[in-house]
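Here the structure is laid out as structure tokens; the discussion comes afterwards.
Chain lettering (A, B, C, D, E and F) follows the sequence in which the chains are written, and residue indices restart at 1 in each chain.
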Amino acid sequence: MKRLDLIVAEPELERLCGTLRQAGAPGYTVMRHVTGLGHGGTVSEGMDFSGFGANAHVVVFCEAAQLEAIATAVRPLLNHFGGVGFVADAEPL
Amino acid sequence: MDSSLVLQNLLSPPVLFFGLGLLSVVLRSDLEIPAPLPKLFSLYLLLAIGLKGGMELQHSGLDRLVVLTITAALAMALLVPITSFLLLRTRFDTYNAAALAAAYGSISAVTFITAETFLGALAVPFDGFMVAALALMESPAIIIGLLLVRLTTPRDSGPGLGWGGLLHEAFLNSSVLVLVGSLLIGVLSAAFSPAGMAKMEPFTEQLFYGALSFFLLDMGIVAGQRLRELRETGAFLIAFALLAPLVHAAVGLAVAVVLRLPQGDALLFMVLCASASYIAVPAAMRMTVPQANPSLYITASLGLTFPFNIVVGIPLYMAALQRFIPAT
Amino acid sequence: MDSSLVLQNLLSPPVLFFGLGLLSVVLRSDLEIPAPLPKLFSLYLLLAIGLKGGMELQHSGLDRLVVLTITAALAMALLVPITSFLLLRTRFDTYNAAALAAAYGSISAVTFITAETFLGALAVPFDGFMVAALALMESPAIIIGLLLVRLTTPRDSGPGLGWGGLLHEAFLNSSVLVLVGSLLIGVLSAAFSPAGMAKMEPFTEQLFYGALSFFLLDMGIVAGQRLRELRETGAFLIAFALLAPLVHAAVGLAVAVVLRLPQGDALLFMVLCASASYIAVPAAMRMTVPQANPSLYITASLGLTFPFNIVVGIPLYMAALQRFIPAT
Amino acid sequence: MKRLDLIVAEPELERLCGTLRQAGAPGYTVMRHVTGLGHGGTVSEGMDFSGFGANAHVVVFCEAAQLEAIATAVRPLLNHFGGVGFVADAEPL
Amino acid sequence: MDSSLVLQNLLSPPVLFFGLGLLSVVLRSDLEIPAPLPKLFSLYLLLAIGLKGGMELQHSGLDRLVVLTITAALAMALLVPITSFLLLRTRFDTYNAAALAAAYGSISAVTFITAETFLGALAVPFDGFMVAALALMESPAIIIGLLLVRLTTPRDSGPGLGWGGLLHEAFLNSSVLVLVGSLLIGVLSAAFSPAGMAKMEPFTEQLFYGALSFFLLDMGIVAGQRLRELRETGAFLIAFALLAPLVHAAVGLAVAVVLRLPQGDALLFMVLCASASYIAVPAAMRMTVPQANPSLYITASLGLTFPFNIVVGIPLYMAALQRFIPAT
Amino acid sequence: MKRLDLIVAEPELERLCGTLRQAGAPGYTVMRHVTGLGHGGTVSEGMDFSGFGANAHVVVFCEAAQLEAIATAVRPLLNHFGGVGFVADAEPL
């Protein structure tokens, strides 16, 4: 199996989850209110009151065979809006 | 200029708490108002001014002045972003110029609320329909901003928002919805459930000043953090962020004089013109014009224009309008 | 039926804010009251009605009517889940039928509070001991629910809760503890620290209406999200969720007439019978009957029965009881 | 070493942590207020006020030799109450 | 001893809510006040006492008594940690002795606030400058604590805080900043913006009692969880945590008698001496003396000394001082 | 690429992030309000109001070549203040 870690800005979260569902992800887990540093600079929770928000961290565990479809669907979002994605190996418990 | 107005504003609790927030950033204290507490205060403030405005609107009704003022407000919400864009385009690319123009064409509800509080301390009355003007001036600049991008750049074929998404984002974002919803609830309840409105009063009236002070403490922290990023902003934008409010307030004053608005409404109108959005507009621009750099438009509106208006602008506009509009 | 009662309820601020929450889901706005703010309001509301009920209970003391009413409340908390189970079992498996029966046998504190507020607007008095009835009706249905499962299915040998865990969950969950605790604190403080109780009053009384409105805004959002899942619910359960409150309120009315409860207490009694739990019971069922599908019992109680009672039920029950119980 | 990711409903969290301690886990880290999609449908924070809660994400780093004992203790909980678990490789820093 | 004072304190709403929190831990209920709600209440309480103290300080001005009291407060903030260290060093290593000494040399704002509320219920007046004493007694013990470590151990060359970091941590941590900031805002606003201060009053005065009760409910839960760890604490530290407040209060009483403080100020002075910090000091010690075991100093100050002072200490100190200081 | 998971007490977070930036980490993601069990005992959110805080979970994705510099900078912090760190393999999406 594969583990996919995606980190995007919170306002894009709903769209990312929709994309994951359409691309056939069997499930996902979302941590909101996540902060960090990336190419776009520092992201803090200071703008939380504004709808601008912080980041969200989405984890997807899926079969290796599903990964390519998910990656193809997700990459344009990361390119357009920013955000990063990483893949690792995993096994079901 | 009446410097006592500035001093009186500067030494009022809400502005002092704003200063405490700024100071805590300067001193690198670990003071923070953790999320989602600022959201609680901002929702509360919108809900409370919506309800109060709606109640007063119900009592006063819609007359000619209301319609004229609201029309003028909408006109300013179109004029300001377009003229700002033309100016900003001389230094920024289309994306950043449009996003900045949208921010300055829209409004800051907290600046408006602080101006209401300032009027309250001076015992100068103002009308409930100004809250309707506030609500109506929030969204148009978002549309203008994207129109400017679409008209001046080749059609972008990324996964961005379509027009449907944009209109949705402009008119149904949470701050517009809470404000307009509370305004309508205020109108309806004042008409049909006066006992209910009376029981809301301790919540919406008595807590208001304290909640505003608490929220401004957080806004001071957030604005202070933005000020740290000022280096990236550039001298031109710093000048724009400090001069645009003055110019827009002056235009607002001229309109208010023509419309014969009373002092309180005139100040609020000037503040609507002079303030810039750091809530609805940045959130919408992040999604619709991701090519623009958020640290430009947020730092300008939140780090510079907002503190300027809160600390200096409001009493300054008041001093200016007192020369042209007699007290009632 | 007195349609003016329905209108008056519908146009009161708390119900209008509930509607605003529903509307925001329909319009797909991004409005949310982020966690844990709803928890703040729900803890506050439980604490405030507990304290007020306790204070009034201390003043009125325990008389025959109190004992009779509380006994009747407990009887209803046994009768409703058992009869509901028998009906629901015709369409659902044991697990889902039991979980649904438990939800409808228990109560919704927010519905109760909204009914109190409705009575307040009508200036109809009610007694503090009804809060004790509320507290006592919360837990029994949880026990009944699990008894029904244990009696009708082979003993499940999973890692589930034993009876100790279940009783703990039923009687010591946080909402029961806060409500009963505040009730006792109200009784004790009213007796021994009247100055202390007086200083609590601005907190528990004056903020109450606003906090309820704010919380109902969130409940509108949550109920609206549940309504979206209605497709999975099925026509039978939709009918049950809308008719059960009417039937249970009617039984409650009969009991109230027999007990000669005054109008205010009678309405609250009917509302306790008619409302369904979406707090304590679902949390307990998730752990004790994990075989049941939460989206059935939460959607029914929170997405249908709760809005029905808040918007239509409460004024309807009032109109009905006015035919049988004279005003005092 | 091994990394174990467990995602369960918040009300089951305390029991899961107790099970981990009994099974000899050397430590764990818990993220609450996590949302997601799984076989049980969508989990949101909307019910947070109710005690019903959202999900919790528990991460355990342990020796490969400890994994089997932990897995044996945890699996019945996941089967009874729902929730998922995944394993991956890791090294101490 | 006047046992009615103890009873009156014990049966006041704030202390009963503290008890409810403790009880919920004993009963293993799932009651929690989720983060960051406790932070909201603690920020609010600091802000409110700061504002009130500042306002009163502005009205009373600085006279000889103020200066003497504040000097005595600072002296106690040096004396208590040094003597405590000498005693604790007999049983603990330098790190733990210093961290514990720092905790007991500093103060607990919530204990102070509960004492103010207790005085309010007895209608015994007290002065605004005591809040300044509170603010000034928070930080020195942090410095003393680290000085004791540095003087008695070889220089630690880890990545710890230097003196700059330590002073920053001691004097600019968020609780000191909010308290001192609100105090100054209170002084300034009372002088220059009395209308503004008046509009703060419903927020800072009327909500205060309820907010304190809510916060003490949470403190009861947190203290209860700490009490569970008592086994690791050891009999010596348990005895210290319960006797140190008595000894320090007695010294405080002697000082108060010498200074001729009126009853209210004397109680507050005793409470400042008797209370131990579980906010600023542990946070600073975690960073500056990571070798010390937090569960020792937090369990002692939060699990034992805090409940002792809240429940028994405050009325006890009052009963004691009434023998030496006449009512005014 | 490598994935680095660091869990430290919240008051040390700002210093850890500064260290990561200085050591050349290309980015990081921070989850605050995390609880757990470790050598230092149980960490809960109960002290959140006090500035003492709970834990923070920091994730860094970096090139394998960068790892050693980051590890060297971070280890003294973990040794002095407590906290744990783990490394795993990962690939960019």
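What we mean here is this: a residue touches a chain if its C-beta (ideal position, glycine included) is under 8 Å from a C-beta of that chain, and two chains touch if they have at least 3 such contacts.
Only a predicted model underlies this, so the values are computations on that prediction, with no experimental measurement involved.
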item: Most distant chain from chain B, judged by the mean position of its C-alpha atoms; value: D
item: Chain pair, E-F or B-E, that carries the greater number of C-beta contacts; value: B-E
item: Per Cα centroids, the chain farthest from chain F; value: C
item: Approximate Å spacing (C-alpha centroids) for the pair chain C, chain F; value: 45
item: Chain B-chain F separation of Cα centroids, rounded to whole Å; value: 39
item: Euclidean distance of C-alpha centroids - chain A vs chain F, Å; value: 20
item: Touching two or more other chains - residues of chain B; value: 30, 34-36, 39-40, 173-174, 202, 206-207
item: In chain A, residues with contacts to at least two other chains; value: 31, 33, 51, 88-89
item: In the complex with chain C, residue positions of chain B that touch it; value: 35-36, 39-40, 43-44, 47, 51, 168, 172-174, 177-178, 181-182, 185, 188-189, 191-193, 195-197, 199-200, 202-204, 206-207
item: Sites on chain D touched by chain A in the complex; value: 4-7, 31, 33-39, 55, 57, 71, 74-75, 78, 84-89
item: Residue ranges of chain D in contact with chain C within the complex; value: 9, 11-12, 15, 33, 41, 44-54, 76-77, 79-82
item: Complex interface listing, chain C residues touching chain B; value: 7-8, 11-14, 16-17, 20, 23-24, 27-37, 40, 117, 120-121, 202, 206-207, 209-211, 213-214
item: Residues of chain A touching chain D in the complex; value: 1, 3, 17, 21, 25, 27-33, 59, 61, 88-93
